[in-house]
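Same chain, two partners: chain A is paired with chain B first, then with chain C.
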Partner chain A sequence: MGIGMTMAVAVATLVLAPIVAGVLNGIDRRFTARLQGRVGPPLAQPFYDVIKLLGKELIVVNRLQLIWAWGFFGFAAASLVLLILGGDLLVVVFSVGFAAVCLALGALSVKSPYSYLGGIRELWQMLSYEPILLASVVGIYLAKGSFLVDVILKDSWPLIAQLPLVFIALLLVLTIKMRKSPFDISTSHHAHQEIVKGVTTEYSGPYLALIELGHWYELMFMLTLIALFWANPIWIGILIALICFLLEMIVDVTWARMTWRWMLRVSLAVGLALVGVNLAILTFFNG
Partner chain B sequence: MTGSFLLGFLILFPFVAAFIAWAIPSHGLRGAWVWITAAAMAIASIVFLLVTKGAYAPDLPNSESAGILIGILDLLLLLFFLYVGIRAKSWVITILTLVQLFPFVWLEWMSGRHPAVSPTFIADPLAIIMVLVISIVGSVICIYATRYMVEHEEHLHLGKSRQRRFMFYMILFLGAMNGLVLSNNLLWIYFFWEVTTFVCYQLILHDLTPIAVTNAQRALWMNLIGGVAFVAALIIADVSFETLSLRTIATEHPRELAILFPVFLLALAGFAKAAQVPFHGWLLGAMVAPTPVSALLHSSTMVKAGAYLVLRLAPAFHATPFSIVVAVFGGFVLLMTAVMALGQSNAKKVLAYSTIGNLGLIILCAGINTPLAISAGIILVIFHAISKAILFMTVGAIENRIGSRDIEDMEGLCNVAPMLTGVLVIGVLSMIAPPFGVLIGKWAALEAGTGVMSRWSFVVILLLALGSSVTVVFWLKWLARVLCAVPETETCKPTPLPAAYNVSLWGMVFLLCILSAVAAPLVTGLVVPAVDSWYNAKTSIGMTTNWGLTLDNGFVPILYFVVIGLVFLVAPALTIRVQRERVKPVYMCGENIEYKTSWHGLADGTFDLAVGGSYFSRDIGEEKLNMWAIYLGLGALVFALAMTLMMFQI
Partner chain C sequence: MSILRTSRIKSPWLLHFDSGSCNGCDIEVLACLTPLYDIERFGIVNQGNPKHADILLVTGSGNPRNARVLKNLYNQMPDPKVVVAIGACGCSGGIFRDAFNTLGGIDNIIPVDVYVPGCASRPEAIIDGVVKALGKLAEKGAAMDRKKVPQEAKV
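Right, the complex of A and B next:
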C-alpha cells in the first residue's frame, strides 16, 4: 500500500469507526430496552450524548487524569487503525493493552473512593482478559504461521476452523471489554449504585466524551478481531461479529453482574484453559 | 594492545580504586574519587566496545602464574567463609564451605590436572554487553550511593561513618563482575563468582543490625549451594572432558548426555545466584541492605550473572528435553513471583520479586533456545538492569524523603515529591509499557515461544502470557497509591534533588529512552552478533521478518509507539494547564467540605476519606505462598535433574 492509500485508510477508519460504533451502541440500547419491555432511546442517542458532553463545561480534579484520558483515546484509536492497516497482531495487542493501562491509571490518579475502586477492578479485568488475548494471538500465529493480519486475510481456510476454542474464549474477552454483565465490574453503561460510575466517576464533560470515543474505538477493535476469524470472504466474518454483538446484548440482559473474583476465576480457569487446550492441540499435531 | 590494556583496566582498576576509596578519610574527596572512578569505568567500557568490536579473545601470556594467584585468593575466600560459619555457629555455612573446600583444593593442587584454557578471556558481544551494563549502570549507582549513604547515616544517627567500607566493597564488586563475564576459564569464573558472594555478604550486613546479620548469613549459605554445584561441575568437566573452558563446554559438545551433568550443575549455580525459586529467600532478605546494594547487586548485576551463565550454556542443551524444562521452570518462577509480589506492600520486596521474575523470564528465553529467544534474553538483561536500577534508586531516595519504604506510606507522593514521582512513574512504565525495552524483550520472548521445537511449548506460552499480565497488575497497584492525589488547589513546587541523585536518576532515564528508541541498531549491532558467535551460525532472527523492528510492510513498531506516546501522552503532559476555577473536589456521595477529602455525614460529623491498597495477605501473602514456592521450585529442579539423567523423550 502506498503512503497515500495508507493515510486514506487511516483517516477513513478514524472517521467511520466511531460512526459505526455509535450506531451499534444505539441499536444495543434500543434492543436491550425492548428486551426489558421499555421503549428505549432513539437510535442516534449515543451521538446526541457525545455531542452534548463535548459542549459541557470542563470540570477537573487534577491534570494527571486528563493526560491519561488522552493516552487511552490515542492508543485505542491507533490500535484500531493499526489493525485495519494489516499490522502485526502482537504489536496491536500490546497497544490496546497500554490503552487499558492508561484508562486504569486515569481512574487511579485521583483520591476518589469510587474512582479508585473502579480503577482497581479495572486491573482485575485486565488480568482476566490479557492472558487470553495474548495467548490467542500466539494461537493465531501457530495456526497461520504469521502475526500479520495481511497474511491471515489472504488465507482461504478460516481461523475459526483451527481455533474454535480460542474463538469462544475471545467472546469472553469481548464481554469484558464491552463491559456487559456479568463482567461489567469496573464500570458499565448503566450506573451502579455500588461504585457509582467506577473508572469514569471523576470524568465529566469533554473528557468523558473523549473516553466514550475511546471505548467506541475499543469496541470496533474487538469486533474486527472477531471478524478476522472468518477472513475469506470477509463479509462472513463481519456477519459473525455482528451476531456475537447481538449475543452480547442478550447475555447482558439475562445475566446479573457478578463479582470480580468470579470473573477472574471464570476467565482464567475456563477461558485460559480453552485457549490452552486449543494451543496444545495445535502444537501436539504440528510439533 | 589497547584491547588488552582496557580489559585489564576494567577488571583490575576497580580493585585498586576500591582501596584508594577506602583510604581517603574525607567524605568530599572520597565522593569526588567515586565520580572519577565511575567516569573512568564507563568511558573505558565504551572505548573497549569500539576498539574490540566484539571480537576479542586474548590469551593471557602468564596465565599460569595468574592462575596460581587466583587459586590462593580463592582458598583464602573459602577459609574466610569457614571462619564466618564457625564464628556464627552456623553448621549450614560450615558444611557447605567444607564441601567446596576439599574438592577445590584437590582440583587445584592435588589432582595434577592443569588443562590449558585458551583463550583466557573472551570479549564477545555478549560479554561486552555485560561489561557495558556493569560499568555504566554500576558506576551510576556508585555515584548515587555517595549521596544516599550520607542521608542514610544521618537517619541512623551513626556516630562513626562506615561509608569507607561501603564504597570499598561497591567499587571492588565492579571489578569482580567484569572479571566474571570476561573470563573463559571456569576456575577463574568460579573465583570471581565467590568474590561476588563475599561482597554480597559484606554489603548485606553493612548496617550491622541483627536482621542484617541473619539475612547476610542466609544469602551466604544459599549462594554457597551454588558454589558447591559449581565446584562439582568443575571436577566433572575436568575429569570427563579434560577442559575448563566455558566456551568448550557450552558449544563444542552439544546435546551429548555426559556434558549435561556439568551444564546442569552450572545452571543450578546460576539459579542460586539469580535467586530463582526455591532459592529466592536470600534475595528477599537482602532487601534490608542499604538501597544502593539492592540496586547494584540485587537487580542490575550480580543476580544477572546467574542468568548470564544460563544464557551462555544454552547452546549445550539446545534441542534437548532439558531445554523445555528450563523454559517451563523460568515461566513458573515468573508467574510465582508475580503473584507473590501482588501480596507485598513493602516496595523493595515488590522490586525484589519483580527482579526474580524477570530473571526467570531470561531463563525462560534461554530454555526456548532459539536465536530469537536468546536475543530476547539479552535485550531483557540490558533493559531490565537499567529499569530496575532506576526503580531501586528512586525508592531509596523516596525512603530517605518520607522515612518509609511501605507503599501505603507513598500515597499522594506526587503532591509531596513530584520529581521523584515522575521518575518512579517512568520507571514503572518502563517495565510494562511499549516502547521501552523490557516490553520489547517480552514481545520477542512471546514470538520466540512460537518457534520452540517441543510439543510442550503451549505451557511456556501460557505461563508467559499469564505471568506478564500479573506483573502489570502489581505495578499499577503501586502506581495507584503513589498517584492517589488530592485536588490541586495549589501548584506543588518541586524541591530540587541533590546533584548525585539528578545525575544518576535522570541520567539513567535518559539512557533508557535513548536505548529504547535505538533498539533496532542496538539489536543488529550488538545482540545479533552475540547470538551468532555462540550458535556458530549466521542467524537472521526472524520475528515477522527483521525482528519486527522493521516489518515486511515497512512498519516500525517502536516508532509507532514512540510517536503515539509523544502525541497522546507527552504532549498533553507538557501542554495541559488546568485553571484553578475549574478544579472541583471528588465525588464522595456526601456534602463535601471545601476541597478536602472529607464530608459532612451522620449528625453533621466530619468524615475523612481513607483509601487503602489491597494485598490479600490471607490468600497470597508471603507466609502462605512461600512454602508452596519452595516445594514447587524444588520439585521443578528435581524434575530437571531427572530429565538430565534420563534424556527422557517427552
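Right, the complex of A and C next:
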C-alpha cells in the first residue's frame, strides 16, 4: 500500500467505525429491550445520546482527567486503525491495553470514591482479559508464523480451525470489553449508578461523549479481531463476528452481574486454560 | 443546530431524588421504567448520576435537612437541565404544606420547570410531565447555544 492509500484507509476507518458501532449499539439496545419484553429505543438512539452529550455544558473536575479521556479515545482509535491497516498484532494488543489503562487512570485521577473504585475495578478487568488477549496473539503467531495481520488475511486456512479454543476464550474477552453481564464490573452498558457506573462517574457532557466514542472504537476493534478468525473470505468472518455480537446480548440478559473475584477466577482458570490447551495441541501437531 | 435540538429531545436522561416523599410517587416514577410503560422508547434512561442527567425528577415537599442535598445535586448537573416536581407534595407541599418540618414545595429550594400534580402522580402523568419538560430543555439548550455563557448563576 502506498502512503496515500494508507492515509485514505486510516481516515475511512476513523469515520466509518463510529457509524457502524453506533448502529450496532442501537441494535444492541433494541434487541436487549425485545428480550426483556419491551419495545426499546429507536435505532439511532446512541447517536442522539452522543450528540446531546457533545452539546452539554463542560464541567471539568481536573485537567489530568481530560488528558486521560483523550488518551483512551486516541489509543482505542489507533488500535483499530493499526488492525485494519494490517499491522503487527502485538503492537495492536499493547495499544488497546494502554487505552484501558488511560480509562482507569482517568478514573483514579479524581477524588470521588465511586470513580476511584471504578478505576480499581477496571484494573481488575484488565488483569482478567489482558493475559488471554496476549496469549491468543501468541497462538496466532504459532499457527501462522507471523504477528502481521496481512499474513493472516492472505492465508487460505481459517484461524478458527487451528485455534477453536482460543476463539472461545476471545468471546470471554469480548464480554468483558463490551461491559456485559456477568462482567459489567468497572462500568455498565446500561443506566446504573454509583459503583456500577464506575469509571465514567466523574465524566460529564462532551468528555462522556468522548469516552463513549472510545468504547465504540474498542467494540469495533474486538469485532474485527474476531472476524480475523475466518479471514478468507472475510465476509464469513464478519458474519461470525455479528453472530457473536448478538450472542453477547443473550448472555447479558440471561446473566446477573457477578463479583470481580469470580471474573478473575473464571477468566484465568477457564479462559487462559482454554488458550493454553489449544497452544499445547498446536505445538504438538506442528512440531 | 436542529440536529442538536433533536438529540436533546430524543435523549433525556433522568435523575430521581426523593426529598421526603411518602414513597408513593417514587414507586410511580419507577413504574415508568417497567416494560408496561417502557420509557426507554423515548430514549429516556434513569441515570443515578447528576453529572450524566438532563432532567431532575423530585418527589416530596423538601425539608431543611435534604434541601442542601437537593441543591448540591442540581448544581452538579451540566446545562441545559430542567426540574420536574412530582406529586402534590413536590408541587406545593400538599397536606404537609403548613407542617413545621417541611419547606412547602420544591420551588422553594430550586427553580422548577414543570409541575406534575397527583397524590400519587400516575405514571402516565409523570411521562406527560417529562415530555413537557423536553420542550423546555430544547428551549434552554437553544438559549445556551446563543449566549454561550460559560457558567450560569448557580443557586
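Basically, the second predicted complex is superposed on the first by the 281 of 287 C-alpha atoms of A that agree within 3 Å, B and C clash if a C-alpha of one lies under 4 Å from a C-alpha of the other, contacts with A are read in each partner's own complex, and residues count from 1 in each chain.
The criterion applied here is as follows: a residue touches a chain if its C-beta (ideal position, glycine included) is under 8 Å from a C-beta of that chain, and two chains touch if they have at least 3 such contacts.
Owing to the predicted nature of the structure, the values given are computational and were not obtained by experimental measurement.
> If we overlay the two complexes on their shared chain A, which of chain B and chain C does A:253 touch? Say first, second, both or neither.
In the superposition, A:253 touches no partner, neither chain B nor chain C.
> For A:27, decide between first (touching chain B), second (touching chain C), both and neither.
In the superposed model, A:27 contacts neither chain B nor chain C.
> Report for A:146: first if it touches chain B alone, second if chain C alone, otherwise both or neither.
The answer is first: A:146 touches chain B but not chain C.
> Looking at the overlay, does A:45 come into contact with chain B only (first), chain C only (second), both, or neither?
second
> Residues of chain A touched: more by chain B or chain C?
Chain A has more residues touched by B than by the other partner.
> Counting only touches as set out at the top, which of chain B and chain C does A:201 meet: first, second, both, neither?
So A:201 meets both chain B and chain C here.
> Just chain B (first), just chain C (second), both, or neither: which does A:95 touch?
The first partner, chain B, only.
> For A:279, select first, second, both or neither according to whether it touches chain B, chain C, the two together, or no partner.
first
> Between chain B and chain C, whom does A:58 touch in the aligned arrangement: first, second, both, or neither?
both
> List the residues of chain A that touch chain B in one complex and chain C in the other.
Chain A residues touching both partners: 57-59, 201-202.
> Considering the complex alone, what residue numbers of chain B touch chain A?
Going by the criterion above, the answer is residues 411-412, 414, 432-434, 439, 443, 446-447, 449-450, 452-458, 461-462, 464-466, 468-470, 472-473, 476-477, 479-480, 483-488, 544, 548, 551-553, 555, 557, 560-561, 564-565, 567-569, 572-573, 576-578, 582-589, 597, 609, 611, 614.
> Per the contact definition, I'd like the list of chain A residues that touch chain B in the complex.
1, 57-64, 66-67, 70-71, 73-75, 78, 82, 86-88, 90-91, 94-95, 97-98, 101-102, 104-105, 108-116, 119-120, 123-124, 126-127, 130-132, 134-135, 138, 141-142, 146-148, 150, 196, 201-202, 268, 272, 275-276, 279-280, 282-284, 287
> Which stretch or stretches of chain C touch chain A in the complex?
Residues of chain C touching chain A: 1, 3-4, 6-8, 10-11, 13, 35, 38, 40-43, 45-49, 51-52, 54, 76, 78-80, 141, 144-145.
> Under the definition above, what is the set of chain A residues touching chain C in their complex?
Going through chain A, the ones touching chain C are 29, 33, 36-42, 44-45, 47-49, 51-52, 54-59, 191-194, 197, 200-205, 208.
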